[in-house]
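So, here's a batch of structures to check.
In the two complexes below, chain A is the common chain; its partner is chain B in one and chain C in the other.
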Partner chain A sequence: MTPVDYLQFVLAPQVVNGLALGIAVVLVALGLTIIFGMLDVINMSHGEFYAIGAYAALALGAAGVGFWFLLILVPVLMVPLGMVAERLLIRPVFDTKDRHVTTLLVTFGLGLIVEDVLKIIFGANTQRPPTPIPGATEILGIILPNYRIFLILVGVAIVLGVAYVVYKTRLGAMVRAAAFDRNMAASLGVPVSLVYAGTFAFGVSLAGLAGVLLAPIYSVFPTMGRDFILLAFTVVIVGGMGSIWGAVVAGLLLTQVQALASLIISPVWTDPIVFGTMVAFLVFRPQGLFGRLGHA
Partner chain B sequence: MHDRLTQSMRASHLLALLFVLASLALAAMGTATDDTFYLRLGTEALIFAGLALSVDLLLGYSGVLSLGQALYFGIGAYVSALTLMKVPSFWLAMAAAFTASLLAAIIGGLIANRVRGVYFALITFGLAQVLAKVVYNTRELGSSDGMIGIPVIEIAFGPFSVSTGSPVGFFLIVLVVIMALYALTAYLLDTPFGRVLTALKSNERRVPFLGYSAWRARMAAYVLAGVVAGLSGALYPMLRGFVSPELMFFATSGNAVISVVLGGVGTLAGAIYGSVLLVILKSIIGSWTEHHLIVIGLIFMLCVLFLPKGLAGVLRPPVEAWLSRHRRIPGPVPDAPVLPAIAVDTKAAPQ
Partner chain C sequence: MLAISGLHSHYGQSHIIQGIDILAGPGEVIGIFGRNGVGKTTLLKTIAGWVRASQGAITLDGEALTGLTPERICHAGVGFVPEDRRIFPGLTVGENLSLGLLQVRGRSSQDEKRAIDGIYDRFHRLGERRNQLGTTLSGGEQQMLAMARVMVGKPRLVLIDEPSEGLAPMIVAEIFAIVRELRDQGAIILLVEQNVHEALSVADRFHVVERGQIVFSGDAESQPDRERLLQLIAV
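Moving on, here comes the complex of A and B:
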């Protein structure tokens, strides 16, 4: 095999597939990092919200709702779910001395329940919705499935949109103010309680959106969240907990490491490499690549 | 010195004693009815109680949540299994598991203790995940299938000898080991070292001002917890005759955390009760539905929200009140370190 062939048929597809996975991880990690950065809450049930999104897309899709409409509908449906979860589970323990541990435990319990509920409703089998955009395109001699190209483009748009809302709008400023100093923000008229619930719901809704987008590629099964959340947590830690750009950079970087490493070593060993990176970051640079959102 | 900590630990000891009595009753009943199933189930609950004990030592005393304690449990189990397949000696297996988990906990502690709080939880989680994946993919350790065919051994105690194949005999051995681990941890927590740990939990920044090294105390607690988990894990292959990578997975660590929260954080005895409670719940719910996670998740969540002190928070205050009535222990010293889960009304005690 000539070097050009290697580039065209081995390396480039691997890089692009890694990119699609990277975008997917970034979408899941985005909600996780926003919830941590703004609320100081570790959402262990984030992966299960991602699974709920995927199953909602599957069920509504089977009921005849079109894919494009699902992209809007599912995230919107996730908002009240997130609000209720925040009110019932996060709010009561929000002011306990050890907020990190308590909220982590509560959401861990929620994750267990959701996983089993999904199993009851949809069964334990793996299901796969039809690919909404079939076919493949040849770009520079590299054949790429259309849906992956779409996923990469949509993912970039979502990340930019979220960053715009958080950093450039009045709403984003209110949220960041509430995260930075709750009492000060409240006295300046920011409805802190609503902002907290809304932020949590926003993160949950992003997880749901990721579920809709990724269901056609990675299949749908009740424990799908559990497998994905590990990678998302790694991305959030390496990027710096609470940093949007950190999550983006780390997500793309780690999935490229995974994709390229699997060309050289057996793919089963890439997981230890990824988690090893997370451990190394926690040891040498626990704050991650970038600083934390809402905290100067 | 009788402060609130001593008092509440006495109540824990009494609960532990009640637990031993109940276990002995189970053993007696098991022997009478020639039962295997319940004794084996009880043995497994006891083994996982050891793991829960180690999680409680970290969460309840030094105040850090470990999401990867199954790492040391798994190391203990695998090392014990490897030893037993070469030399069928209980003591050698326990010694090997002790050494391996000690070394692993020192390495893990050097890594994990660089960070605090939520980062600690995630780093322990990551460490366990890395090693679990490595074991999962190592053919020499049986990969995803684990290792089977660990022989039944005779455990020699001087003139006596018990076979791991005997349900009641091995149940009693495990009871002795787990209770010894409980006694060891409880004793260490009653020493000045234990007070430094409680101080860490309530205010870590002040500990160095009092002349103690926070890092050293945290490290000691972590290594101790690792060894407790490792020794408990070493018993597992003797019971089941196999080990599998699932022992190191998050589900195992998560179950230990659930046990501790159900039983009551920071009570030691609570961890043991919680572990047994979890096994009972699982087998009861499991007998009528395979979806036991919903019920357990729900109970766990309600427990975190409404009963943060767990089962021990309910059981221990009456025990404590009873103890202080009958032993005439002086009331709480006003400035004693305040541990969770105690509200003794000294006025109510008869003069």
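Moving on, here comes the complex of A and C:
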């Protein structure tokens, strides 16, 4: 194999697949980091909300709802689910002294329950919705599956859209203000409780959207959230808990590291490298690459 | 009309506000004085809803504020300029200011723009720095921003906690000019201030607080009242 062949047939596809995975992880991590940055809540059930999104897409898709409509319908349906979860599980313990531990345990429990409920309803088998956009396209001599190209484009659009809302609109200013100083925000008329519930629901909705988008690639099974969420947590920690751009940069970097390490060293080394990076960050730079949402 | 009667509040077990009564009408500036730690800040926080009132009543133009959330209290017409200014670090000057608009619901965007433009006309330095992060401003500018943020709403009661703290005398004069403007717009102002001389220049009346109670009330114009005040707060 010539070096050019290697580049074209081995390295480039690996980089692009890494990029698609990176976008996928960023989508899941985005909701996680927003919920953390805003509410100071580590949502351990985030992966299961991702799974709910995927199953919803699967079930509704089987019932004849088209993929394009699902892209809107599922995130919308996830909003009331997130609102209810926030109301029943987060708000009652939100003002307790050990909020971190309590919400972590409560959401962890919720995740376990959701996993089992999914198992009961849909069975333990792995299912895979048909690819919404079949075929492949050749770009610069590299053959890329169309759906992955689509995923990359949509992912970029979602990240930019979220960043726009958070950083450039008055709603975003309200969210950032409430994240930093709840009392002051409330005294200016920011509906803080609603903002918190809305933010949680928005994060959950993003997880659901990620589920819809990723189901055709990574398949659907009850514990699908677990593997993914581990990577998403790593991304959130390395990027800086609560930082949107941090999640983007860390998500893309870590998945590239993963892709290249599995190619160049060996696939067994990807997890030690990725999670080693997380541990190194926790020890040496716990604030991550970027600052927290709402903080300067 | 602001009516506070028999107000009590606690921090955990510590009884901080121990029965405070205050009456004030539109356009009145009430100075709240007292030594460190007597509960002046806690009084304002209790009115703003940051600290729960354990007993007593607060009404503004007949509407009961006691027990409401800070957000509802804001919508009832209370503006709060707390100590340390509390400018949101991740927000620009313009964003900080725009949050003040939330006090009045259902404003047209034209009306909002007019209110903001009015502030930038009045405070050129805020206008010039509108896209900068609020916390990059100097202390005096941050104090102006904190007050302007309340001004763009339509507060009928403004709570101001030590606005002159840490500021140079020239800036202090500017800050008190803003207090006068708020008063001239018809707001009731409760002004907590260590700088008693400046405060007396805008205040109509004052109360001296000791251990969570009002121990003396006086008229800002009255020489004997002023002398008594200085005795009471002398360290």
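Here is the rule we go by: the second predicted complex is superposed on the first by the 296 of 296 C-alpha atoms of A that agree within 3 Å, B and C clash if a C-alpha of one lies under 4 Å from a C-alpha of the other, contacts with A are read in each partner's own complex, and residues count from 1 in each chain.
Rule of thumb we're sticking to: a residue touches a chain if its C-beta (ideal position, glycine included) is under 8 Å from a C-beta of that chain, and two chains touch if they have at least 3 such contacts.
Predicted model, so just to flag it, every value in this text is computed and none were measured.
Clash-free side-by-side placement of chain B and chain C is the outcome of superposition onto chain A.
By the touch criterion defined above, A:84 lies against neither chain B nor chain C after alignment on the C-alpha atoms of chain A. By the document's definition of touching, neither partner reaches A:156: not chain B, not chain C. Seen from the CA centre of chain A, chain B and chain C lie at an angle of 90° in the overlaid model, rounded to the nearest 10. By the document's definition of touching, of the two partners only chain C reaches A:184; chain B does not.
When the two complexes are overlaid on their common chain A, residue A:106 makes contact with chain B while staying clear of chain C. When both complexes are overlaid on chain A, the residue A:76 reaches neither chain B nor chain C.
Of the two partners, chain B and chain C, it is B that touches more residues of chain A.
Of the two partner chains placed by superposition, only chain B is touched by A:269; chain C is not. By the touch criterion defined above, A:121 reaches neither chain B nor chain C.
Shared-chain residue A:171: touches no atom of chain B or chain C.
Here chain B and chain C sit at a least CA-CA distance of 13 Å once the structures share a frame through chain A. Of all residues in chain C, those touching chain A in their complex are 48-50, 69-71, 73-75, 78-80, 82, 86, 88-91, 95, 98-100, 102-103, 133, 135, 149, 153. Only residues 170, 173-174, 176-177, 180-181, 183-193, 293-296 of chain A touch chain C when the two sit together in their complex. The residues of chain B lying in touch with chain A in their complex are 59, 63, 65, 111, 114-115, 117-119, 121-123, 125-127, 129-130, 133-134, 136-137, 254, 257, 261, 291-294, 296-298, 300-301, 304-305, 308. Chain A makes touch with chain B in their complex at residues 42, 89, 92-93, 96, 98, 100-102, 104-106, 108-113, 115-117, 119-120, 230, 233-234, 237, 241, 266, 268-269, 271-272, 275-276, 278-279, 282-283, 286.
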